[in-house]
Structures are given as C-alpha cells and as structure tokens.
Amino acid sequence: MAGTNRFAGRTVLVTGADIYMGPAISERFDMEGARVIRDTGDYADAEAPARIIAAAGTVDVLVINLLPVKMRRCPVQEVSEEAWQDMFAALVHPTMRFIKAVLPQMIERREGKIVVVTSAAPLRAIASAAAYTAARGAQNALVLAAGAEVARHNVQINAVGQNFVYGGYPADAMDKPEIREAVLREVPSQRIAEGWEQAELVLFLASQNSNFICGQVIPFAGGWVTTG
Amino acid sequence: MAGTNRFAGRTVLVTGADIYMGPAISERFDMEGARVIRDTGDYADAEAPARIIAAAGTVDVLVINLLPVKMRRCPVQEVSEEAWQDMFAALVHPTMRFIKAVLPQMIERREGKIVVVTSAAPLRAIASAAAYTAARGAQNALVLAAGAEVARHNVQINAVGQNFVYGGYPADAMDKPEIREAVLREVPSQRIAEGWEQAELVLFLASQNSNFICGQVIPFAGGWVTTG
Amino acid sequence: MAGTNRFAGRTVLVTGADIYMGPAISERFDMEGARVIRDTGDYADAEAPARIIAAAGTVDVLVINLLPVKMRRCPVQEVSEEAWQDMFAALVHPTMRFIKAVLPQMIERREGKIVVVTSAAPLRAIASAAAYTAARGAQNALVLAAGAEVARHNVQINAVGQNFVYGGYPADAMDKPEIREAVLREVPSQRIAEGWEQAELVLFLASQNSNFICGQVIPFAGGWVTTG
Amino acid sequence: MAGTNRFAGRTVLVTGADIYMGPAISERFDMEGARVIRDTGDYADAEAPARIIAAAGTVDVLVINLLPVKMRRCPVQEVSEEAWQDMFAALVHPTMRFIKAVLPQMIERREGKIVVVTSAAPLRAIASAAAYTAARGAQNALVLAAGAEVARHNVQINAVGQNFVYGGYPADAMDKPEIREAVLREVPSQRIAEGWEQAELVLFLASQNSNFICGQVIPFAGGWVTTG
C-alpha cells in the first residue's frame, strides 16, 4: 500500500479530520502526495464552512466527513426534538453549506471533486436509528441532486454509503459482541473493513479516473446492501 | 368510482388538507365512508402536531401531506440558508413530529396506518431542486427506518413517491408547456395523473389489505422512475 | 373481505393456477366477480402461451405466475447446466412468451393489465439460490423494460416482488423452523403473509385505479427489502 | 495515466477481448503490469468456459465481457423467439458458466476477483430493448446473488452497469446524432466516456483495494442512473 503520488500537487480538504473516517482518509491522501488540510472545526456555526473554504484557497478535493455529537439508539417515538435537530445540524446542514461554499471555485475552474462520507443505513433500515437514517438519507439525496446538477461543469459529487468499518460510527460499536455476531450473519464479507479500505474508495472517487461517476451513493458495506 | 364504504367507522386525519394532494385524498376517503379530519394548520410550530393528534383522539389513518411554503428553482450553490431551513421546516421536521405524536396510540392498539405523501425526486434527480430533493429524501429515509421499526407492532408506515400528478407540486407546473413536453419525452405513461388516482394508492396503503407492505416508498410517477 | 364485484365483466387469465400464488389469486378475482380462466398448462412448449391466449379470447388481465419444477439450494459453482436452463425455461422464457402473446390485443384495445408474480430475491441476495435469483431478476428487468415501453398504449405491466408468503416458494418452506426464525429476525412485520394479502396487491395492480403505475416491481415482503 | 505496475504478477483473463470493452480493459491491465489473457473465443459452446479457464491455469482476475451477436431494436411483442434465446445465449448463460468454472480455484486460494461488464439498462428502462434489458438484468441479479454468496471466501464478484461509453454497445451508436442529443439532455455529465475511464473502474474493482465491495452493480453512466 505504498503511495504512488497520485495526488501530488492537489489540495484536499477533509472535514472532521479527527473523527469518523477523517484520520484514515487524511493519512491515505498524505501517502499519495496530496496537500491535506485537516479541518477539525466546529460546524455548528452556519458561517463556518464558508470561512473554512475561503481560508483554504484552492480546494481540488473536498471530503465532507461529519458525525453527530452523540447518538442514543431509541424507538422513533422517543426521539426528542432536540436530538432530532442536533442530528440534522451535525450531518445535513453543514453538508449543504460546504457544498455551496466550494462549488463556485470548482465550477469556475471546471474541475473539482466532492466526496461525502455518509452511511448505508438509508439503503437498509437499522432499528432504533430513525433520526440518523433520515439525516443520512438527506445527505444521500442531496448528493444525488447536486451531483446530477453540477456534473456538466466537470465537478463530481458522490457519496460513500458505508457500514461495518473500523473507525466508523459509533466508534466503539465495532468491537461489541452483538456487532460481531451481526457481521457474521448479515455481512456477506463476514468481517469489518479497515479504515484504509474505505479511504481507497474515497481516493478513487476523488481521482481523475472516475470523472464519469457522479451523483452516486456507492455502497461500502461488505455486501450488506444491494444495489442494481 | 363510487365508494364502497371501505373505511366506514375509521378516522382519517389528513394534514395540509387544503394543499398538494390533501383535497383529492380527503375527498376519496369521504367517498369510502371514513370520518375525515381535514387539518389545515400551520406546522411551523413544533408543538402543533402533538396538539392536533391529541385533539383528534383515535386516529386510524394518518396521511402526512406537506408542502414547502414556496419553492424557487435555482442552482444548488445559490440556495440561501433561509430557503434550505424553510424547506426542512416545512417538509421534514413536521413529518417526524406527526409520526412521533401518533405512534403511541397506534402501537398501543396494535393497529395503525401512516401514509406520507413525498416525491419521486430522490429516486431520480431533478435539476435545480437540491433543497427539495434533499428534504424529500429525508422523509423517504425516515419512512424506511420508522416503517421497519414499528411493523412489529402492526403499524404500517409507507410513502408515495410521486411526480407528474395534477394538484401536485408546484401546483401550476402541470400546465406549463415545458412540463407537457417533458411528460411526452420522459414519462412512459405520457400523461399527468389525476389526483384521485394518487388517492387510490393512498387508500390501498391505508387499508387492512396492505398490512404486509411496510417501510416502502412506492413510486407513483407513470414509470418515470424504476425500482426493483 | 367480502367481494365488491370490482372485476365484474372482466376476464382474468391466471397461469399456473394450481401452483404458487395461483390459487389465492384466482379465488380473490372470483370473489370480485371476474371471469377467471385458470390455466394449468405445461409451459415447456414454446408455442403454449400463444395457444393459450388465442383460446382465451379477450384477456383483460393476465397474471403470469410461474414456478420452477424443482429447486435445490446449492452453491453457485455446483449449479448444473441443466438446473440453470430449467430455471430459465420455467420462469423467464414463458414470461416473455405470454407477454408477447397478449400484448397485441391489449395494445389494440388500448387497455390491459399484466401482473407478473416474481420474487424479492433480486432485491436482496438469498444464499445458495443463484439460479433462482438470476431468473427472477430477468423477469423483473423484463417487466421494467416492457412496462415502460407499452405504458403509452395504456397497458400496464408490473411485478410483485414477494417473499415470506404462505403458498409461496418453496411451498413447504414457510413451516420450517429456520424460516420462522429468519422471519422474526429479518422481516420487520415478524410474520408470514397470507395468500389473500398478496392477491390484494395483485388486484390493485390489475384494477383501473392503478393505471399510472407501470414498469414497477412492488416489494411484498413485510419490509424485508427496502426501496426508495 | 502511466501505469504503476499495480497488477504485476497477476493473471487477468478478459473474455470477448476484441469486442465491447475488451480492448480498453485489456490494454489498461497491460499498462499495470498484469499478464493479460485475451480470450476471443466463441461462447456458444456450453463447454467453452470450463475449457478456457482450465487452459488458463491460475486466474487472479476474470473479466466477463460479453455482447449479443446482433441487436435489432423492436417492440417487445415483435422480439422473435430466436432473438430472445440468442440474447440469453450470448450474455447470460456464458456468464454463469464462466463464474462456475473459475470459482473453485478462487475459493480454494481464498482470493479472486470477478468483474462482469453489464449495462445500466436494467436500472433505467430503454425503449425497444426488452430482450437486452432482461438479459442484462439476469446478469446483474446473478452478480448480486453469487457475489453475496462467495464473499465469505474472500472472492469478490461485482458488475459495472454502464451506458454511454465509447466502444460500448452498440458499437456505432455513440456517434449517432440522436445519441448525442440524448447525451446532452439525459446524461448529467453531458458527454460520452472514453473506454479507458470505464477500464479504470474495472481495475479498481479488480484490485486488492476494493475487497469490501461485493455483490454490487456499480453504475457507470455519467449520472444517467441514480442509486442510493
């Protein structure tokens, strides 16, 4: 897995660089020679994304990697208004703000890549995670719509719809016995993926080799979801 | 299309009864003998859904039918923060609040039907409608997750993912020449559906004959989207 | 569930009337006043479908309900050439032949309904059933393509993508303990559907109330598969 | 696009190496240092795949790339029995035979990659191509089922569901004015992809970097189809 300098001279901005898939993705872009801007900001502020993008200058690749502050599994009827709003504030609204902030420069250059790390949850229901699933579904639908819209400018927006990845969400879940049992029973690959494997898909979607792929949510879940 | 009293003795609450598919759906349930509560409230207030459900008493069928206050088509990077938040406030958050408000009584009775009128947009991208598509995608994902979760209580939550329906959204769009051209070119049925046709699908999903269908977004768009 | 004569004066031809969902579907159409032609022919003969349709005269509704002669679950690499060909000969080729045989009269009348009883298997992989899944996938794709093509003639072709239905396939599977366990674990409805419930979906798709639904595979599996 | 020897020491067998995406894919694997076996056999013979695999010895990557002998667009009711059978004989049956032939060695080594070049047609209906769509749908469903089944052996089977690619099918279609118009109107990327771009996706799916992706049909169509 030695790097081959595929992203030399490219600037990659990774949001949430210290959470979720941020560390694995940042490290992998490093290895490929990219200039990686590891953003670890607080995205509660609606102005933050515009400021962060402005400060970054040219952004060739934007990886939108976001997590809820906390997630408590509970029946749908017990999700509090606050938990619901927090979920959308953490996942959905910053996604839109980052896309809006970076698109003008990408459209002007007629080149750019946005990869949103989302979830496979909206592709196959997970019990007791209604708010999370709805918010991830909003991200996925936004990727589909915005991706189809800006493809004509040679800007590609895609999502990785993941599950069962180390470093994934919730961070400690992957070591729980019930997750391991679920993996053996429900995940055709019968294992949990390493973070670098997920990062490889992000790199592929961020490269000039995937310019014809746009507006897609690519499942990354060991066969747990099916598409096609 | 004479009614056959299929919903005699059942209480059906229709939100947004005066907008979108509300009139067609309410009328059709009337014809089938239901007691129809036509709610025309303002759902900006986060407390409204709980109040409306409490006032209604027993609700056998809840039809969640919501529209954005206004929709201006524009490129994704030009969607204002306000327009984005308004879209989610109009479509997404009330959907969750209504579901939360009505579920306890349905779960206790071990019987209930929720039909959410959404859109086919998240199943096939529409240009310049990113906010709308993302919000409809959130609704669809919520239906999927909540529907899978409460099916064990004999409560069925499904959505109608519609497009190209008279009375649909935007209300005046269906008469525009460019929509008619699009219909001939893109919609296999080559026509726009009447409101009552959409209502028939809602009735089917609200009836005891569809209890094994849950957590689904059923496309209603003349073949414009494909699933399967 | 008393009938309401919804199909009075309509001729409904059900293939495989004595197998799979044939009995439940035929009975339900009877109750609704249809003239039901219960075909129990051998469809190995490539000429059979044309003969059967010609003999039937006007067919308002054609229900294509087919089963493999036998199915042995085995790893994909152990599926014999014969078993593979038998599967396509039983499920796929007769579907096309029946569609071809009945379409001319339906297109000429500018009215007709074809409902194909298939499976949810191509929407979510089932282990050790590669041939079955591939054949059901061919049926589903044919419904999609042919359904989109003939919708302009006011002929609607749809499929029911089912699983976990009594009378379903394999016929004795539903009583096996491992199926019951799978139902509790994997099927949100946590039960197996009765045949009449599936028939109700077929009736809806065969009625004049669903004319705007075409080229779709509607899942009928208690939430086991998700679409949207 | 200089190669980086990513497939040095790997044997890649490409079927139909002189047709469809065969040339582009073979060339791209060459550049990456693979030993490429360009098979140009006639796959009408049911025994051919087993013979070809046996003669090849160790096959690390199998690319199943098949085309119908000819394709005449016509209404579904005019597809001849012969044309239908030819389509399945060309696309579907050899796919299964190749998978069966190569799986035992891959399962024994606990390592292997199968990439099937199919079509996006079953993900979005194309008029007058019912037989082609049904056959591609059968391939896609087989990939889904077999892919889910053998993932536990660390063998990954995936498909590329493509459309609008130079060298694609039909070979001369991409230069037709009506295709160019359709591209501008229906394909978000507003262009036709080069063969090497498609090959890059095949390479990604054939690499050790995508081991957690299995049983998927990855759309490659410039946003013409949506998934997720």
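We just call them A, B, C and D in the order they show up, numbering each chain from 1.
Following the convention adopted for this analysis, a residue touches a chain if its C-beta (ideal position, glycine included) is under 8 Å from a C-beta of that chain, and two chains touch if they have at least 3 such contacts.
Fair warning: this is a prediction, and the values are worked out from it, not measured in the lab.
For the copy pair subunit A and subunit B, the superposing rotation over Cα atoms measures out at 180 degrees to the nearest 5. Rounded to whole angstrom, the centroid-to-centroid distance between subunit B and subunit C, based on C-alpha atoms, equals 28 Å.
A straight line joining the Cα centres of subunit B and subunit D is 39 Å long. Contact of a single residue of subunit C with at least two other chains is seen at positions 122-123, 125, 140, 144, 147-149, 188, 215, 223, 226.
Chain contacts in this assembly form a complete graph, since each chain touches every other chain. Remark: subunit A residues 46, 75-77, 79, 81, 84-85, 88, 92-93, 96-97, 99-100, 103-104, 107, 121-122, 125-131, 133-142, 144-150, 215 touch subunit B in the complex. Residues of subunit A touching subunit C in their complex: 123-125, 188, 223, 226. The touching residues of subunit D, when paired with subunit A in their complex, are 1, 4, 122-123, 140, 143-144, 147-149, 151-152, 159, 161, 165, 188-190, 193, 197-198, 200-201, 204, 209-223, 226-228.
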